[in-house]
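Okay, got some structures for you below.
One chain, chain A, appears in both complexes that follow, with chain B as partner in the first and chain C in the second.
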Partner chain A sequence: MSSSGIVFSIIAICAILGGLMMITLKKVMHMTVAMILTYFSIAALYVLLTAEFVAVAQVLVYSGGITILMVFGIMLTYHKAENRDEEKVSSFRKLITFLSVATLGIVSYFLVAPVDFVAEEIFVGDHTKAIGEILYTNYIIPFELVSILLLVALIGAVLLAKKDKEEANE
Partner chain B sequence: MMNEIMTSQPSWLNVLKFTGLGVALILVVILFVTYAILAERKVMAFMQMRPGPNRIGGKLGILQTLADVLKLLLKENITPKSADKLLFLVAPVIAFAPAFMVMAVIPFSENVTFANLNVGVLYYVGISGLSIIGIVAAGWASNNKYSLLGGMRAAAQMISYEIPLVLSLLGVILLTGSMNLNDIIKAQDNVWYIFTQPIAFVIFFIAAIAELNRGPFDLVEAESELVGGFSTEYTGFRWAIFMLAEYFYLFAMSSLITVLFLGGWQPVMFLGFIPGSVWFALKFLFVVFLFLWIRFTFPRIRADQLMELGWKVLLPLALANVFITAIIKEIFFR
Partner chain C sequence: MDLQTLLSFHWDTMMPEFIILISATVLSLIDLFIGRSFSRKFFGWASFIAVVAALVSLISLSDHGVTTILNNSYVFDSFSIVFKAILLIGTALVILMAISDKFENIEEVKSEYFYLLMTGLLGAMFMSSSGDLITLFIGLELLSISSYILVAIRKENSKSNEAAMKYIINGSIASAILLFGLSYIYGLTGSTDLAAVQQIVSTLSGTELSGLLGLSFLFIIVGFTFKIAAAPFHMWAPDVYQGASTPVAAFLSVVSKSAGFIIIIRVLLNIYAGAYSPDGQLPLLINMQNYIFTISAITIILGNAVALMQTNIKRMFAYSSVAHAGYILVPLAAVSPLLFENIWFYLLAYTVTNIGAFAVIQYVVSDENNENIEAFRGLYKRKRSMAIALLFFLISLAGIPGTVGFIAKLQIIASALANNPINITIVVIMILGTLVSYFYYFRVIAEMFFKGDRLELQPPKNEIPFNLIVVIGVCVAATIVLGLMPNLALDNFYKLFS
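Let's turn to the complex of A and B:
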């Protein structure tokens, strides 16, 4: 295995580990910390592909996102529920779950295995500039649509928050 | 020197070299932290007309911080009984690791840059945002209401001030046409950006103080209302790690301001015979002093004033600055 293959394996295992921890851990805060591992590993994968701008944007967006998720997790979840004992699950149900997960794994393996991934040449140069040029020429309409969508969401959030305040005053 | 190593064939010798350089940098920064703490106390003492630390290491108290660190190392590490043990241990690590990672992109002189990234500015902002996760986690894991309040305030403050911080940077990036910190320094060959982007500098400086959680924006650890903020339950060396992260960020942020607005290692006119690293050090120390000066002369502002300043003043100003810069660039610098 080449050195980049070894690095890729380590990063990929970290990403999957983070995802597994996210769904198996019991406490909200532990889950969010596990998410950092996944998102950070994905950013590392982008670095491996020399896509530095995408990697840094990934970290920038998700570090803020996870912080907000943590705050909501603290404020909006019922913490006593975290300590309850595990529910009893019948062994029949466990078997069914295992079989369906195994089937999914086998099916997706046979779907992916015949696909021939052509190793495309990795773009070397200023990624930021290249992305900007493509975004503002070929994809200008989707870009504008996304910005309108985000603006609508922003205004909607402000309106919702404002309504609550007025009600509180009354 | 770094470029040679970066482009050479990977080998075990290179692993050693990288480790050695990393350790050298961390030692330099720790030395800075040791004397930044002393400087902070001495400047504070001077402004409050008292002598300050003057017992250990002569009248200047040169060994005071070393004695403090020794005390912290010898202290007992207490984990509260009802704390979340795992997260309580991991949180200082999450808070500290990004503080050192951001140093990699900063060009300290013509030849000393650890990583010449094309997205250097964005890398700094992105990685430094990770620290806040450690602070919120610490606040929650301590299972103490003051800690939790401190952590929540840290999150709110980060969200409010990161946006003006990044937007004020856009003016500089627009004028340079690159996010590479080395290119930004080279673009300041004739005029520093503090003169062409004065509004961006002021916004960036205010937002930087808030990001560093220093006075007058130190609501995260406001001792008169929150005991010790997110680090209330931390003792001994774990607490020291948080403080270390804070001063590492002081180092990194001062370096970044030097690079972005004060021309980095570029000399002042007619004084080119003084080496670049000396210029960098001088400008850097001036920025550090500004941070200390502001901390001890302004009273702490209220939480709601903090939010209003961030969202209602700094954000529109930063947006206007981006707009004006774009127009000026289109008209005069095409």
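Let's turn to the complex of A and C:
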């Protein structure tokens, strides 16, 4: 395995580990920290692919923005940090889930393994400029559509969180 | 790219989208700035007029010819025109229904209702006229997020909250799986433009890479079957339809489902029909046909069988819409030569009959305050016009001759058999499913016409609102006229495709 392969493996394992910890840990705060691990590992993967701009955006938006938002959300709403009742999942269900995930993994492995991937040419130049240019020319329609998507999400959040007329008057 | 190039595109073909976008934005701004005490009654009619205006502009553009903008990120072709027409008709009728939709303790309909329906429609319209995976996916998400909010809009209702929660979690997982499948396509071809993807995948035949293309097919089909509520990813549908208000349920069962089929056709036919299986013998779509076949068969069987056991009318219609998704998958499973035509006509038939049925359900359920099938007891004696209208919709959904539902089913069966006699299996399943569906549709009919003691029956408390009369009238007329003269619609279809 080449050196970059080893680095990739370490980062990939960290990313998966973060995800696993996120769903197995008990305390919400610990889950958030586990998520940060995943976000940082993914940012590291982008650096490995020489996509610096995406990596920085990943750290800023996910590790920074979204995590802080989650922490605030937990602080403001979740009063008991640990009140999850242990739900009993039958071992039959666990077995079925494991078998289907394992099947998917095995099938994917045998499909991916024989493929001889050719290394793509590494893009040299100003990433930010290249992304900006393509975003505002070829992809302007999806770009504008995303802004409507965000507007809809914003309206939805306000709509679901605000008090209704009757409640507000009380 | 300079301004000159950007302006040289035919942006006028986007007129219907612009109309929807601008009116949705303007309505939301008006909603923001007018005072709380100000009546928002006109919102419904304003958005209805906007959708009709978009439909008119779409029809006026119909002889514009094929146009693409910015590397296929917007495609204006006959396919997009005919399917957009269905989306616009469906949403216009749903908005009309929503005008008189009552919330538990609020007299007036929420104004957000209307512009969220319009943004959902906008997403669906972009899905139907996009040749780029990114635009397709964003259109799908715009539709999905608008739908999540629409389901959750009845905040006081615990059923609605539960439904919205289930919908958003399952929907996000389905979107993630779909996006993972699409990322395989981008990884294999290095392009998101469907035309470019189509060219590159045809060169992958016989290599190991076509195996990966098959894997992407499976992920993508999982994502799509969720969106059209086909088995085994249909479990959200009954809960969501029950929890959502009736117009939203109608929107999900008609517009959202149509959008799902549009994106299925766009992606599957563009990418997988041209790619070859690992042995290089068959197109990948034919090679993977068995999967669509199985999904279609399970959907028909499960949807109809479970619908038999329902006592809640909205749950029953949810399972019936699952079964209909199975029928519409049959042309894809059979790879019929008349696939476009069959799916389009079935969706049109399904739109007019299902929205009509939901309009009657909305009236009866809100009048009786009861969502069970017993709410329809003796409807014929209480409100004759409603019972007769629902009778037409139910026999059209069941596929009885003389209605549009029959023609649509007949076309699917005929062209599936004409293509390849092997398709007899799926056709038999479809016919058996239809026979089973008679039981639950006729149970409602029996409830309306033959049950209920004349003395015990109470006349309805409320008059039928004007907007529902319009919706039901249009739907009944379309069900019968298109059932007797399907060529009225099909001629326009052929004119565009010739």
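We take it that the second predicted complex is superposed on the first by the 121 of 170 C-alpha atoms of A that agree within 3 Å, B and C clash if a C-alpha of one lies under 4 Å from a C-alpha of the other, contacts with A are read in each partner's own complex, and residues count from 1 in each chain.
Basically, a contact is a pair of C-beta atoms (placed from the backbone, for glycine too) under 8 Å apart; a residue touches a chain by one contact, two chains touch by 3 or more.
On a predicted model such as this, the values are computed, not experimentally measured, just so you know.
Asker: Based on the superposed arrangement, let me know which partner A:67 touches: chain B (first), chain C (second), both, or neither?
Answerer: first
Asker: Go through the superposed model and pick first if A:108 touches only chain B, second if only chain C, both, or neither.
Answerer: The answer is second: A:108 touches chain C but not chain B.
Asker: If we overlay the two complexes on their shared chain A, which of chain B and chain C does A:145 touch? Say first, second, both or neither.
Answerer: second
Asker: Between chain B (first) and chain C (second), which, if any, makes contact with A:135: first, second, both or neither?
Answerer: After superposition on chain A, A:135 lies in contact with neither partner.
Asker: With both complexes superposed on chain A, which partner does A:49 reach: first (chain B), second (chain C), both or neither?
Answerer: Neither partner.
Asker: In the superposed arrangement, which partner chain does A:155 touch: chain B (first), chain C (second), both, or neither?
Answerer: A:155 contacts chain C only, not chain B.
Asker: For chain A, what residues appear in both contact lists, the one with chain B and the one with chain C?
Answerer: Overlap of chain B and chain C footprints on chain A: empty.
Asker: Note which residues of chain C are touching chain A in the complex, please.
Answerer: Counting only chain C, the residues touching chain A are 1, 6, 21, 28, 36, 69-71, 73-74, 105-106, 110, 112, 115-116, 119, 122-123, 126, 132, 134-135, 138-139, 141-142, 145-146, 148-149, 152-153, 155, 190, 208-209, 211-212, 214-215.
Asker: Touching residues of chain A toward chain B in the complex: what are they?
Answerer: 3, 27, 29-30, 32-33, 36, 52-53, 56-57, 59-60, 63-64, 66-68, 70-71, 74, 126-128
Asker: Which stretch or stretches of chain A touch chain C in the complex?
Answerer: 107-108, 111-112, 114-116, 120, 137-142, 145-146, 148-149, 151-153, 155-156, 159-160, 164-166
Asker: Hey, which residues of chain B end up touching chain A in the complex?
Answerer: 10, 84, 86-87, 90, 94, 117-119, 122-123, 125-127, 129-130, 132-133, 136-137, 140-141, 148, 152, 155-156, 158-159, 162, 178-179
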